[in-house]
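Let me give you the structure first, and then I'll get to my questions.
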Amino acid sequence: MRNEALHFALRNRKLVVGTVVVAVFLVAGVVGPMTIDHKPADYVGPAMAPPSGEFWFGTTTFGQDVFAQFLYGLRSTFLVGVLGGVLASVVGMVVGFVAGYRGGWVDELLTMVTNIVLVLPALVVLLIVNAYLGVRSVGVQALFIGLTSWPWAARAIRAQTFSLRSRDFVDLARLSGVRTPKIILREIAPNMSSYLFLTFILLFGSAILIAASLDFIGLGPTDSVSLGLMLNNAARWSALQLGMWWWFVPPGAGITAIVGALYVMNVGLDEVFNPKLREM
Amino acid sequence: MRRYFGRKLLVYGLTFFVAVTVNWMIPRFMPGDPVQSMLSRANVAQPAAVEAMRAHYTAMFGFDLPLWRQYLNFWGSLLRGDLGISIWLFPTPVTDVIVRAVPYTLGLLIPSILLSWVAGNRFGAFAARRKWLDNTVLPLGYVLTATPYMWLAILLAWAFGIIAGIFPVAGAYGYDLQPSWSGEFLGSLAQHWFLPFASLFLVAFGGWAIGMRNMIIYELEADYVNYLRALGAPMRLVRRYAFRNAILPQVTGLALQLGVLVAGALVTEIVFSYPGLGHLILQAIQNQDFFLLQGTFLFVVVGVLIANFVIDIAYVLVDPRTRTGMGGTA
Amino acid sequence: MLKLDGVSKVYRVGAFGGRALTAVSGVGFEVGEGEVVSLIGESGSGKSTIGRMVLRLTQVSGGTITLDGRDISSIRDRKEYYRQVQGVFQDPFSCFNPIFRADRVFALIKEQYFPGVGAREWRGRVEDALESVRLDPGNVLGKYPHQLSGGQLQRMLIARAVLLDIRLLVADEIISMLDASTRIDVLNLLADLRARGLGILFVTHDLSLGNYVSDRTVVLRDGRIAEMGPTPLVFGDPRHPYTRSLLAAVPRLHTKWTDAPVDGTADGTAEERAEDLPCAYHEAAQGSRTRPGLAEVADGHFVACSGCAGAAPEEKKMKERA
Amino acid sequence: MALSVTDLRVYYQTLRGEVKALDGVTFSVADGEIMGLAGESGSGKSTLAKSLIRLDGRMRHAGGTVELDGRTLPIADDRAMDEFRFREVSLIPQYSMSALNPTRKIGKMVGELLAARGVPGGTAELERRLELVGLSKDVLGRYPIELSGGMKQRVVMVVSTLLNPSLLIADEVTSALDVSSQKAVATTLLGFRDHGLVTSMMVVTHDISLVYQIADTILVMYAGRLAEKAPAEVLVTAPRHPYTRQLVSALPEVGVRYEDRRLAGIPGNPPSLLNPPGGCRFRDRCPVAFEQCAEQPPFAEVAPGHLVACWKAE
């Protein structure tokens, strides 16, 4: 069964392409900065230089290396995505599992909380929280993104748990004397592992997008560079009017490529895990 | 039915309550004296204004009162429509600043949400029919939904505004014009409106098209479809039914996506310096105008809650099951 | 051994438990050692709910369930209870977690109940248990659930219960999903277990299966007992019109429905006929009404009121007294 | 001869290869005949039923022909089949409870279906038929969710037979029901034939005792092939195929008790249809198997209307 999934995974074009794209950017973000001997904010070259052999992505109005910024930006983008995605998944899973498994008033209460966080527009909440934070880091940004973007995941996991809970093997585990947390962890969660993974990928992607928006508004990390912050700077220093396309195209293209590849990966994985979709 | 709406309203009421409480808490529980830090960071030129503001805010925060009093007073002024005074546009009340900006945001949001939803659904259902369409449209859809709103906005502004020079890229109307009902003004308004609208529309469109395509494929496997096909019903009828049933989760999806769409509108406005709420937020942040920021926050939350409720009503109208199910039991 | 006394189950449904739904009401019967009691009813009769309450998977709303005189809800240590009482359910495929090997059900038992037993000895015990349900251990151990047939899986579940050396088995529709050629073997297995002194509560909707294997039969209707007693009496001399109509509707192999007396044709006629027949409960002497709502019409054979006209005035009287 | 099927082969495409779910099936159903089609899971009975009306996406027509009233059914051609569906051959599906579009009123849905098939009006007839199964015409104004399971089932039965099809396929329609509703549904099916609403019928089931109640003939399938076909009475009382014989004797009946008569099942499991062994497919489980069984026995007539695929069935 496992091998079957692997078999289809390797033959699924969407999954392979998506994974390769994400992997390439990940490697660029992790390894890339080590190959560059200056900091992204350093003024290393002529101002407003278009892409050249020396500065692959050109320079900013101040002569900063756009390529260096891009590589460092990828790093924080992935960091925000992973941290925010993991945190949101964990909160979503805990709420979803508990609400779905326990039912009753616990479920009512958690569902109510979920719905409240769900209808609150996440970005605007993040806006005012971040605006009051004098010093902002990627970690804190990810923390707040994680704390606001879990509700739909919780809802989906709750529904799945709810239907798995009534399966007989859960009753059988209870008849074997297994306790509730263990049942959730060892009987229910493994059955949803593919689903949980898909949820994480989507949360990962959405965390990147939310972070980019925050950065763009000017509430990005104060201590590092990110792709969203690059867009913010490009817009603020009129890269548009000055025709410096090399300043604003790469960061946006990077975000789009990563998030798009994650989505495509998600579809591919779905096809691998769900035999029904394989024929489509 | 009453029960359903009652529950929804309860959630929305609680959400509003939470939003207001968060709004009240944040300045109070952040380190430091909010009034002091606010004024020291504010870019206000006239010293007289600073003093007036200090007096106003100190009274408003009411730090000498017990917390619960402060909290009640906060609600009291909120219910009177008093959100404080803008620092950026001193001494205009925050409420007035926001009310002036709201029409622009709504003018962008409502058409782009509705049109992208309708067009995306139609197109997604259409794409599900043909394999080649599916194979070409789907990747495009994924790229569109993965695009950050502001980036697409920047690209459009660059391509159509700077390079082609067809559309203006800043403001809601020409700088030389005064708001009026003249054709010239309206034309300028539409010209300025188009690019931000288009970028919002495109990103959202991709998402709806993909969602619809997936839902239709799911619906086409439903039992009722198999039954209709076994009775020789033409695909035309089957597709019509599938579309109608697939629309329902898309309505729910609209409610879930509202927050993201609003966020998209805010950043798009920033790109185009479009004088809506997004622009206000940027100005508020750059000028450290926290009252304006918090007021805008409350406005957006209330707007999203109202939109959610409208969608709830729409859902009941399109899904007969909720009507009959609730009518029968409640 | 097991005794149900006035057991009821009320479900709260709707938002915030607005409405109440009575699934089981005032049910009382016993299951002795080495006795098979079949609990027969249609969907919605509450038969599975009773099974789940005995297994403590669902809470009892009213009345008591006792094992050897001890209220089962007072047994704090669930494991102690499950060592004596186990269940097997309807859908064998749903009882196995599809992503693990099928023998994990045994591993769970070992982990929870026999952590001290050595691997080799445990393997011996598992093989013995499998052989006792006529499975070849080599054929089933190490396989995934989808590689085994429903009959094999169901037997593994019975073997699992046997490993615990239980005293009572709740068998909830355990053969309704099996193919005809294998179901009878599983049924025979239950009979063998009974011979070893096990009490079995056999929940089923299929009258012929209940009849084949059980010593006593309880017929449920809408959460209440309609009739109960020794199986030969209940099936041979049904006194409740509902039992009669069920029996008339059962498809038999050598008699067609059309062969039956004319009055037993299509739907509901048996019910209509009931109005003509006297209600066994009200016919019976006052003194024979030894259980609430049930009259003893023969030795151990109880029947409830058929819902006849005689019930109305009596209920009124009861209400007046109350 | 209403239906005649010749050497029909339908294979399922799976990840591991083709499952020969229906492997050379030849039989016929006469006008007015109700044929019970019995078999265990994996016998191919559902595949047979489906292939006569609509192959699902994974099924492939691998050979053989189907004729209905002298016309060949183009079962491999989904489009061409549309003309025959509903009018000539119709289906009461296993999933009756979810067979109706949940967001359309029943009357409207049926109207749209009829209009799409080019059948005008028909409301009066629809109401009359609903009455026949004990439903008021009010159900036409309701959504499926407002009806009980039994009502939905009856609506589906009426809709499926509305155009008086020549062949009606009832696929496991009673398996999810309680005994009393089983009886009602089965007698309704019988009524359809007796009132002339359908010409012939195939009742697919795993429950021989039930189909025995209403069928004229019973066809038993095993592992993708036919085992035996005979008049219902004969099949139950004097089966000739060892599989049928063992199957019938494994059925507990009301009145048979464990103490009095211990019944026995059939040991072993049916063969995998991915690469089925040659010869008779029951041979591994058969108590009377001998060398000749390595060769597939023909489905031959051993008595009038009694066909058996076994070398020893004389």
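Going in written order, the chains are labelled A, B, C and D, and every chain counts its residues from 1.
Note that in this section a residue touches a chain if its C-beta (ideal position, glycine included) is under 8 Å from a C-beta of that chain, and two chains touch if they have at least 3 such contacts.
Not measured: the values here are computed from a predicted model.
Chain centres were defined as the mean of their Cα atoms; on that basis the chain farthest from subunit C turns out to be B.
Among the pairs A-B and A-C, the greater number of C-beta contacts is found at A-B. Averaged C-alpha coordinates give centres for subunit A and subunit B that are 21 Å from one another. Each chain gets one centre point, the mean of its Cα atoms, and the points for subunit A and subunit D are 52 Å apart. Remark: subunit C and subunit D have CA centroids separated by 32 Å (rounded to whole angstrom).
Of all residues in subunit B, only 11-12, 14-15, 18-19, 22-23, 26-27, 30, 139, 142-143, 145-152, 154-155, 157-158, 161-162, 169, 217, 221, 255-256, 258-260, 262-264, 266-267, 270-271, 281-282, 284-286, 290, 293-294, 296-297, 300-301, 304-305, 308 touch subunit A in the complex they form. Residues 1, 108, 167-169, 171-178, 187, 190-191, 193 of subunit A are the ones touching subunit C in the complex.
Residue ranges on subunit D touching subunit B, taken from their complex, read 53-54, 56, 81-87, 90-91, 93, 95, 98-105, 112-113, 116-117, 142-143, 145-146, 156, 159-160. The residues of subunit D lying in touch with subunit C in their complex are 40-41, 178-180, 182-184, 186-187, 206-210, 212-213, 236-237, 246-248, 250-258, 262-266, 269. Note for the complex: subunit A touches subunit B at residues 112, 115-116, 118-125, 127-129, 131-133, 152, 205-206, 209-210, 212-213, 216-219, 228, 231, 234-235, 240-241, 243, 245, 248-249, 251-253, 255-260, 262-264, 267, 276, 280.
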